[in-house]
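Look for chain A in each of the two complexes below; its partner is chain B in the first and chain C in the second.
The block that comes next holds the complex of A and B.
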C-alpha cells in the first residue's frame, strides 16, 4: 500500500507567468477591497473616492486584459481555471460593460437618493464572478463564480428598496436564480457520480474513452447542466419572470444584467460545451441531443421574445423582451457553431455587438428616465428629436443596430451569425430567425417614429446629462458604428479568442 | 466501508419527509425546525459514508450556527403566519404542476434503473486515509493545495454577501438617505 500523496509541491508555488496572467483578477479583487475600505471613510463622503477607485480599477483591468489577449493558454490551480485569449477577450467585455454602467449610474444614483458606495463595490464583485465564470475549467469553480456573480446582482436588482417593483424583482430574480443554481448543481452532482471527477475536461475524456459510461444518468446530468444554463441566460421556456425582473430593477442595473450577465453566462456556456459533447470526438447521439434541445429553445426564445415585445408600450419592458429575443439569436449561433467555418466566433461576435448596443440603449434610457424610473413609456418620447436631438440620435443608432440595419454592429453580427448558420445547413432555423428579426424591426422603428414624427407633448423638461454618462453614450455610438463599418478586426479577434481556448 | 441499508433508508427517508415539511408548514418556526432535522439526517448519511469530519461540521455549522440564526431572525421579525399565506393557486395549475413533478420523478427512477454503476475506486480508500493521518488532516491538506482556488473563491463569495447584506440593511435604518 503506497501512502497517499495529498500535498503536491508543484501546487504550493506559483510561477511568475501564472501570476502575470492572473493580474486582471488581482486588479479587480484588489480594487474591490480598496473601494470597500474607501466606503467607510469618516472624514469625507465616500461618493467620489469610491467612484474614482471603481472606474480606475475597471479601466486598469481592461488595459491588463487587452494586453493578455494574444497570450497562449495557461492552466492554473491544478487545472481548475484557464487564462487564455478566450477568457481575456471576455474579461475585456465584462470590464467595459461594468465601467459603462458605473459611469452612467453616477448621476442616476444621486437623483434616486441611492448614492451608496456598496453599489460600486457590488458591481466589482459581480464582474469578478463573471471573469472567473469565463475562465473556469472545473464545475466547482464554475458554480462558485456563478454564485458570486448572481449574489451581487440580486442585491443590485433590489437596490431601490423603497420601491415595491424593485423588491418584487429582486425576490423573483432570487428565486429564479436559486432554482437555476440548484438544477445546475444537481446536474454536476450526477456527472460527478458517474465519472468521479468535477473537471470539465475529465468528464469529457471519460465519456470519450468509455462509451459505456454514457449511461442515462450521465445524459440526465448533462441535460440538467444545460437547463441550468438556459435558466441563467433567460431562454424560453425558462424566461417566465425575467421581464418582470428587468422592469423592476434600476435602469442602469438592467443594462448591466442584460449585457454583462448574459455575456458571462454565454462565455461559460461556450467553454463548457465546446469541451463537453459539442466538440469533435463526442458521440453522434449526444451531439444530436444537444442539437435538438438548442434548436427548440432557440426557436421558442426568438418567437416569444419578439412577438411579446411587439405589444409593449413601456420602453424598458420592450427592451427586456428584446433581450430575450437576442438570447434566441445567440442560441442559433450555438446550434450551428460546430458545423460552420466561423464556428463559435460568430456567436462570440454577436455577444460583443449585443453588449455594445444594449449598454448604449440602456444608458440613454437611464438619462431619459424620470424619478423612480418613470417617463419611459412610448408617448413620453414623443418629439424627443426636438427636445434633445443628440440623445434621440444615439438611441436611434442603438435601436437600428438591434434591428440589424446596416451600417451598424448589429447588422454585421447578425449577418455573420446567419451566414454561418446557412453554412451549417440549418436553413429552416435561419428562415425563422430572419422572419423574427423582420418582426423586431416594427417595434424598434416604432420608437423612432415617436421620437422623430410625433409632436412633443407636455412642457419640455430639461435633461441634465453628466459628463460621465455623455462620454459613455458617445463611446457606445462610436463603437456601434465602427464595428458595423469595419467588422473585420472584431471578427478576427473573436476567431482568435475561440481558437485560443 | 459498508453502509447499512437500514440506516441509509432511515436517514434518507427522514431527510425527504422533513424537507417536504419545510415547504408545506405554514408556520415559519416549524419550517425552520424541520430544516434542522433535514440537516441532522444529512449528517447521519455523511457519517455512514465514514466522512466523520463532514458529519461533525454539518452539525456544528448548519444545525448549530446557521439554523439558530435563522430561528432568531424569524423571531425578531415577528413574522406571523398570515403574512406567509400566499393564497391558493389555480386548480389547473396545481394539477399540471403535480403531473410534471410525477413525470420528472418517473424519468429519474427510469434513468437510475437503466444505468449501471461501476464503483469508481479512487485513491482515497479508508486505510490510506487512516495511514495519512485521518480525515481531518487529509481534507485540510487537500483544501489548501489542490482545492485552494474554490476555497479562496468561497471566501470572496462570503465577502460579497456581507457587502450585499450591509447594502440592504443600511438603507432600512436610515430610510432613503445615508
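The block that comes next holds the complex of A and C.
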C-alpha cells in the first residue's frame, strides 16, 4: 500500500469485478438492514418475516460465497481487504454456522419467551463481522471487524435478560473481551509506530527489508497482537472467561460462538500470521519466538482443556472445556503449519470439522434443554437412547467425532493435523496431543454411558423437534460421516483456500 | 450382484453391515419382531460365512502373495488407499470370524431380551470392522477398522453386560485407545518416512515393507516405532503386564461379546504383529526378541496361577486366555517356521476352544444366573450331554493330544526351544498348570454329589444349544487330527512372513516338515 497523498479517483469507484467479489458482504449487510426494518413492523408479527429474511440472507450468502471460492484473489479498498478463496471458504463456514444456529434457535426462542427479532439481526451483524475478519489485510479493518463481531455477540450472550447467569456471562465477556481488544489495538499501535503502516503485508515487508526495524518494541507489538488473538480463541492461559460465558449464554448462542467465533478468530489468525512472521523468509527472531509461544500455549491449552473437562457434569460446561482442548489441537496446526506439506490447510480443515461436529452437538443440546437451559446435566441424559434414539445417535456421532474416533470428520481432521505435525518434526508435541485426546475420550464416552447404559429416569417427556432443527441436525450428522469417510474433497478445498491467499 | 468378482473382499467385509442396516427396517416390537430380528441376523452371518468359504476354496497357496486384491485411491494427499487383499495369514482368521459369528448370534438368542434390535445391529457392525481389519493392506484403513471395532464392543459390554459393565466397558475402551493412538503417531511417521525415501506418501503396508529404517539400538527410529506398534498390539493380545482390562471385559460382557472378544479381538493383536509389527521392523524384532519372550513366558505362568484361584468360571477362562495368548507371543517371537506356525495355529485354537468355553458358561449361566464354581457340583448327573461337551472343550484347552490345542502348543514349544531352551522349560510348566486349573474347575463343577438343590432340575442342552456347540466340537477334532488341512494354505505365507521378518532377508526359509532333523 502506498500512502495516500491526494484523493485518487480510481479508489472511489469500484470495478465490476470488485463489486462481484463483494457480493457476499452486500448480501449479508442488506439482509441485516432489511431484517432490522422488518423487526419494527408493528402490525405484523415480526417473528416469521425476520426469520425468513435471515435464513434467506444466510443461504443466499452461502450460495454466493461458494461460487466465489474458485476465484483468484482480488484486493479491495487500496489493499485493506482481500477477497480470495480463503475468505470465501471461511465465509461459507460462518454463514452455514449462522444459518444452522438460526434454524435451531427458532423453537428455543419461542419456548424461552425470547422470540425477539433482534436475535436474528444480531446474528447477521456478527456474521458480517466474521466475514470481514477473515478478509482483513489491515490491522484497522481487522480491529473494526473484530469489534463488529464481538459487540453483537456480547448482546447475544446476555440475551436471556431475566437470567442472572446470562447477564453475568455477558458482563464478564464484555469486560474481558474489551480488555483483549485493547491489547490487540495497542499492539497494532506499536507496530504502526515502528513501521509507519497498518497494513499487515506492509509490516512484514518492512521487517524483512530492514532487520534493524525489529526492535524490542516491534516484538512487543507482535506479542500483544498474538495475545489479543489467543484471548479471542480462548487458548490457555487466556481461557478463563470461556467456560462461564459458554455456560451462561443461551444454548444455541453457545453453539454459534464455539463454531463461528472460533472459526473467525482462527481465520484471521491464519491470515495475519501466514503473512506476518511465520511466513517464509521472515526474521529468525520473530519466528523462533512464535514457535515457542505457540508450542507452550498449545500444550497448556490441550492439557488444561482436557483435564478440566474430565470433572464437569454439566454438558455445556464440558463442551466449553472441550472447546478449549480443540483450540489446543488447532494451535498444534499453527506451530507446524509452515513446515509441513499441507501447511495451514490441515488447520483449516480442522476448523471446518470442528464447526460441523460442534454445531451438531449444540443443536442437539438445544433440543434437549429444558426451561432456562436446565436439563443439561449428565444425569438428565440418562436413558436418552430409549426416550429419543435418533437424537441420542446424533449426539453420539458428534461426540465420537470430537473424540477423534473413525469414521468421522473429527478423526479425518485430526489425522491430517497430526500427520502434518509429524512431518514438521514436532513428534513430542504430537505425542502429547494424542495422549490428551485419549484423555478426552473418557469424558465424551461418559455421555454415551449415560445415554445408552443408564436406565431412563423420570417420566419420558415428549421432545418436540421442529422441522428446522431436525434438518439441521440431520445435515450435520451426514456431513460428519461424509467428511470422515471421504475427506479428500474437503482437504482439496482447504488446500486451495490456503494456497489462494 | 455387481462387481462380485472384482470386489470380492469388499462384499465379504460389508455384507454384515448391509444386513445390519437392512435389519433396522424390521419392526422389532413384540416377540414375533424380535424373533424376526434374530433370524435375520443369523441369516446375514451365515451368508457371510458362506461367501468366505468360497474365499477359502478359491485361495491358491501357490499363487500370488496377496490375492483378491482391490485398490482404490482414497486420500491421495496422505497416500492412503482402500487396499484389500488376502494371504494365508488373514485367510484363516477371516474364516474363524465368519465361522464363530453365527454361533455367537445363535448362542445369544435366549440370553438377550431387551433392546434386541440394537444388539444384533452392533454384532453385525462389529463383524464388518473385524473382517475389515483382517483384509486391509493399507495401514490407514487398518487403523480405521481397528478403531471402529471399539465402539460396538464398547456398547455391547456397556449395555448388555453384567453388574460392573460400565467400568469394564470404559476400561476396555481406554486401554485399547491409548495403545492405538501411539500407533497412530507411528503411522504418521512411517508415511512421512516413505515420502522421504520413496518420494511419495504411502500408507500401503506392502510399500512400507520396503522402508529402510535405522535400527539395532533402543533409541533408534525402528525400535521406537516398533514399540509404539507393539504397545497397541500387546494391549490387544493382551500381553502381561497390559492384560488387566481383559478379565473385567470378559466377565462383564454378554456371552456373545465374550466369545467375539476372546476368539477374534484378541487375535487382532497377534495378527497386527504378523502383518505390520514384524515385517516392517525386522531388526527391532530381533532386538526385543528376548524381552517379549520373557513377557510371554510370564504371561503363561502367571495367567495359569491366577486362573487357578478364581472363584468365577468366566474369570477363570479369562485368565486362561492370558496364559494361552502368552504361547502365541513366544511362538511368534521365536521367529522360526515351527514356532510361528504353532503360534498362528494356537490363535485359531484359542478362538475355538475359548469361544466354546464362554458359550458353555453362558449355557449354565442362563439356567442358574451364577457363575460361581462353588454354586455348582455334580452337574454331570443332571446335564450329562452338557458335561460331555464341556469335557471335550476342557481337554482341548488343556492341549490333550488329538485335540487342536495340542498341535499349537507342541509346535510353539518346539519352535521356542530352538531359540531359548531355558525359557521354554519354564513355559512348559504352564501346560501343567493349565491342566491343573481346568481339570480342577471341571471336577468341582461336574463331579461329586449335587449339593445345591437348585441344581437338581437343570435341563440338559436344548437343540439350539447343540447346534451352537456341535460345530465347535467338530472343529476341535478336525484341527487336532488333520492340521495339514490348515497348514496347506498357510505355509507359503508363513515362509514369506519369516523371510520378511528376519534381518537376513536372503536366507532360505526352513521348511516345516522336511528338515525336522536339524
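Points worth noting:
We take it that the second predicted complex is superposed on the first by the 496 of 501 C-alpha atoms of A that agree within 3 Å, B and C clash if a C-alpha of one lies under 4 Å from a C-alpha of the other, contacts with A are read in each partner's own complex, and residues count from 1 in each chain.
In the analysis below, contacts are C-beta pairs under 8 Å (C-beta built on N, C-alpha and C of every residue); 3 or more make two chains touch, one makes a residue touch a chain.
Note that the structure is predicted; figures quoted are calculated from it, not measured.
Judged by the touch definition given at the top, the superposed model places A:434 against chain C, while chain B stays out of reach. Of the two partner chains placed around the shared chain by superposition, chain B is the only one that A:77 touches, whereas chain C remains out of contact.
Legend: residue contacts after superposition of the two complexes on their common chain; A:407 is shown touching chain C, with no touch to chain B.
Greater residue coverage of chain A by touch, when chain B is weighed against chain C, goes to B. With both structures placed on the common chain, the touch criterion links A:418 to chain C but leaves chain B unconnected. In the superposition on chain A, contact is made by A:488 with chain C only, not with chain B.
Contacts of A:215 after superposition: chain B is touched, whereas chain C is not reached. Of the two partner chains placed by superposition, only chain B is touched by A:154; chain C is not.
Applying the stated contact rule after C-alpha superposition, one finds that A:445 touches chain C and leaves chain B untouched. In the superposition on chain A, no chain A position is in contact with chain B in one complex as well as with chain C in the other. Against chain A, the residues of chain B that register as touching in their complex are 107-108, 110-112, 114-117, 120, 122-124, 127-129, 131-132, 138, 141-142, 145-150, 153-154, 156-157, 159-161, 163-164, 166-168, 170-172, 175-178.
Those residues of chain A lying in contact with chain B across their complex are 1, 3-4, 6-8, 11-12, 29, 36, 76-78, 80-81, 113-116, 118-119, 121-122, 125-126, 128-129, 132, 138, 140-141, 144-145, 147-148, 151-152, 154-155, 158-159, 161-162, 193-196, 212, 215-220. Considering their complex, residues 74-78, 118, 140, 143-144, 147-148, 150-151, 154-155, 158-159, 165-166, 169-170, 173-174, 177-178, 181-182, 184-185, 187-189, 191-192, 195 of chain C touch chain A.
Those residues of chain A whose C-beta lies close enough to touch chain C in the complex are 341-342, 385, 400, 405-407, 411-412, 415-416, 418-419, 421-423, 427, 430-431, 434-435, 437-438, 441-442, 445-446, 448-449, 452-453, 486-488, 491-492, 495.
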